[in-house]
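Residue numbering begins at 1 within each chain, and the chains themselves are lettered A, B and C in the order written.
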């Protein structure tokens, strides 16, 4: 390449160039500061008012944003047969990732989202959810007593509970040295576990379980307690292979992992395939979570979303789903349709004694959330 | 824009370099579309994250705080600094590994292999590059897991099993595997141009192969080694897939950390932006070093 | 230089280099063979061999999610590559032909997508798109992919341009062709092999990109790497292995095609 010859520039060109540079800098400065304001203010796309794009060609499709293993082809097929609506399912593996997608506007296409209880509360506060029109819902009276007026969303104004469960440990009883009853086993056997433990990729679950083990609340807001939990988790670090919400199944079944912290629903799914495995709710207590169905304000197809919620509320559909996917339903009428075998399955529907030890995760003030985040980043970075 | 146009290589003839509207429009038409695209979707976004990186603790949907260097200072906290160092360690290690493994291959293909097979050999070596990098990394999970292929093989030979998955060795293997083809490709190009008469002359003068290798082959291919090294260094420094799939809980790298800050659990966009800027800075430094070094080596006769 | 006198000592060095080369070839191919092997495994888990079966291939063909992800990926790659081919070629020609103030800067910026790590580009693009309030969709992925596709195509075309005879186009102009005609009839045919191999490279990179796509995707757009990543994270079934076997056969075909075209154009150049 011939080098640029500076003598080629005329004087006027240089001055004009300077002027252009200066004005470009000024313009970009203005635009930049506007952009930052766009990101932080209430103008963020996720919270924006819905664009009523009634002309969208998607009247016969419904995009659903949910956790892995909450739906299957048969469910979607039945839904299509009944309503003529083609449901398309996409999955996320953490509430935070879901929230980011919704906030950046990447989730605009979804008409149904499955956030967990405490995220529902946050999303309501952020004004992201459509209030549900009760007159368009059928079967909410079938919900179990506990979910008629849940703490995270009193009176179910914005959400309908879909799946609930506990968080616990899954393992092969043959491959652990003594009986596993809870987190004691894990901390007592750090050396032996030597990177054969996987934990859920969720800051609140991991810290909550540790806090409970230390005798504090799952939702502690005290800096000293959170720090103590962090220190405790650091002790455990040599035992942790990886943080995975899903995806540990294959490794656990083949024995590469000895123990996995898992949501009951995922654990039960695996136990169906590998019956030698066992799931327990730790003695020290655990979280009781509810994943709900909500309609975001940006939903392109709220009508289909109501159809979906009503479809899921039907006891028959719900019961069949429990049989196929081993999810715990909050629907009393569906529960009554189950075989007594399933009804008495302790993992699926834990006894009152077990549930008494469990807490729901609640949203925390933002400075506490930041504290958790900081420790979480530190924990996953060392 | 005031322009002086020259057809490449040749000096402009007087007649054609006169004032003519087409002379101005042509370069503008050719260069403006790509230029605007790059400005809008590359330069501008980079400036934007530079700005975000200067707002400590910036989170999406929350009011922005005052400007400050908090995000950059955070990087110097022992934990994060360790992550930066670990990323550099992975990048340097994989670069050396690729060089060590790639040189003999490139040397053999470029110099020892039959001439008409060379292209075919080279293409078949880089062929795996054409499959999904995710799937290639995933394949290593199957091989490296404790009950996987590697340990079954080691068991057959009576060797002790290795537990490499979810640890640094897996990251090194995965990165070397991902970037070896690039290294071989670049080293091959440089070895192929090697002046073989020098080697013959050295042999005639009684140099041992080792001597001629270190005195002739290596210095002659130094630019190739530097270019290949830089490429692998940059690619492995910014790699996300391999550490994410093979690294486990204790192999956090800068790119995983950035991903977590944006799409993962922590959502601190300000900190994530400052990490991105650091990554860009690291890459720029590597390139600056190469340019300086490249100038020096080309200055030598 | 065809037949080097080979003293006995270099015989030995031949053998160890050959051995390492052989080892490295197997290093490159073992993972792929492993993927292929387990794609025929009847068992769902790779820890056990359940006998030979083609069930994962049939389940792959019935998997609407994978097929639609493949469709999205192809749509992104084809759109991005076609647009980049035009823009990138124009840019390379413009940079080779003209001098103007700020050219160094322009060239520098055009190299940036090749050196800035993907994650940084992805993050920056997401922040930009969100801040201007763009609604994320398949088109935002395409827009982001054009940035790096364009850079790669321009680089490949540039290397070809430096080896071209600059007088050909001038001759055409002297013979009365308009600049546009000269470009179309003289320059473009000469550049075609380079444009094609640049496009092929950009296509493969676009098909393989996970980070930029997952940061800029929205509106239900889901590319193949995104789908594979989410499956790897949420438990894989061997149908992914089957997919990889099909992909490597296809890309192997593409690789040899591109090599063949390069070889032909080389021969043509030698003949000239």
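Convention: contacts are C-beta pairs under 8 Å (C-beta built on N, C-alpha and C of every residue); 3 or more make two chains touch, one makes a residue touch a chain.
The chain lineup, named per UniProt: A = Spermidine/putrescine ABC transporter substrate-binding protein.
Since we're looking at a predicted model, the values are computed, not measured.
A count of contacting C-beta pairs for B-C and for A-C identifies B-C as the more extensively joined pair. When every chain is reduced to the mean of its CA atoms, the largest separation from subunit C belongs to A.
Subunit A and subunit C have Cα centroids lying 35 Å from one another.
Centres computed as Cα averages put subunit B at a distance of 15 Å from subunit C. Multi-chain contact residues of subunit B (touching two or more other chains) are listed as 2, 4, 6, 8-9, 44, 48, 52, 60, 147-148, 262-263, 269. Counting only residues that touch two or more partner chains, subunit A has 1-2, 8-9, 13, 35-36, 39, 44, 101, 104, 254-255. Contacts with at least two other chains are made by residues 46-47, 96, 99, 101, 126-128, 130-131, 232, 236 of subunit C. For subunit B in complex with subunit C, the touching residues are 1-10, 16, 22, 26-27, 29-31, 33-35, 37-39, 41-46, 48-49, 52, 60, 101-102, 104-105, 107-109, 112, 115, 119, 123-128, 130-136, 138-140, 142-143, 147-149, 177, 180-181, 196-197, 199-200, 203, 208-209, 234, 237-241, 245, 255, 258-259, 262-263, 269, 272-273, 276-277, 279-280, 283-284, 287. For subunit C in complex with subunit B, the residues that touch the partner chain are 1-2, 4-5, 7, 9-10, 13-14, 16-18, 20-21, 24-25, 27-32, 34-35, 38, 46-47, 87-88, 90-91, 93-101, 106, 109-110, 112-113, 115-121, 123-128, 130-131, 143-144, 146-147, 150-151, 154, 161, 166-167, 169-170, 173, 179, 204, 207-208, 210-211, 214-215, 224-225, 228-229, 232, 236, 240, 243-244, 247-248, 251-252, 254-256, 259, 263. The part of subunit A that touches subunit B in the complex is made up of residues 1-2, 8-10, 12-13, 16, 28, 32-33, 35-37, 39-42, 44, 46-47, 94, 96-97, 99-101, 103-104, 126, 194-195, 199, 201-203, 237, 240-243, 251, 254-256, 366, 370, 373, 376-378, 380-382.
Put simply, subunit B touches subunit A in their complex at residues 2, 4, 6, 8-9, 44, 47-48, 51-52, 55, 57-58, 60-64, 79-80, 82-83, 145-148, 163, 165-167, 248-250, 252, 257, 260-269. Touching subunit C in their complex are the following residues of subunit A: 1-2, 4-5, 8-9, 13-14, 17, 35-36, 38-39, 43-45, 48, 63, 68-69, 88, 90-91, 93, 101, 104-110, 244, 246-247, 249-250, 253-255, 273.
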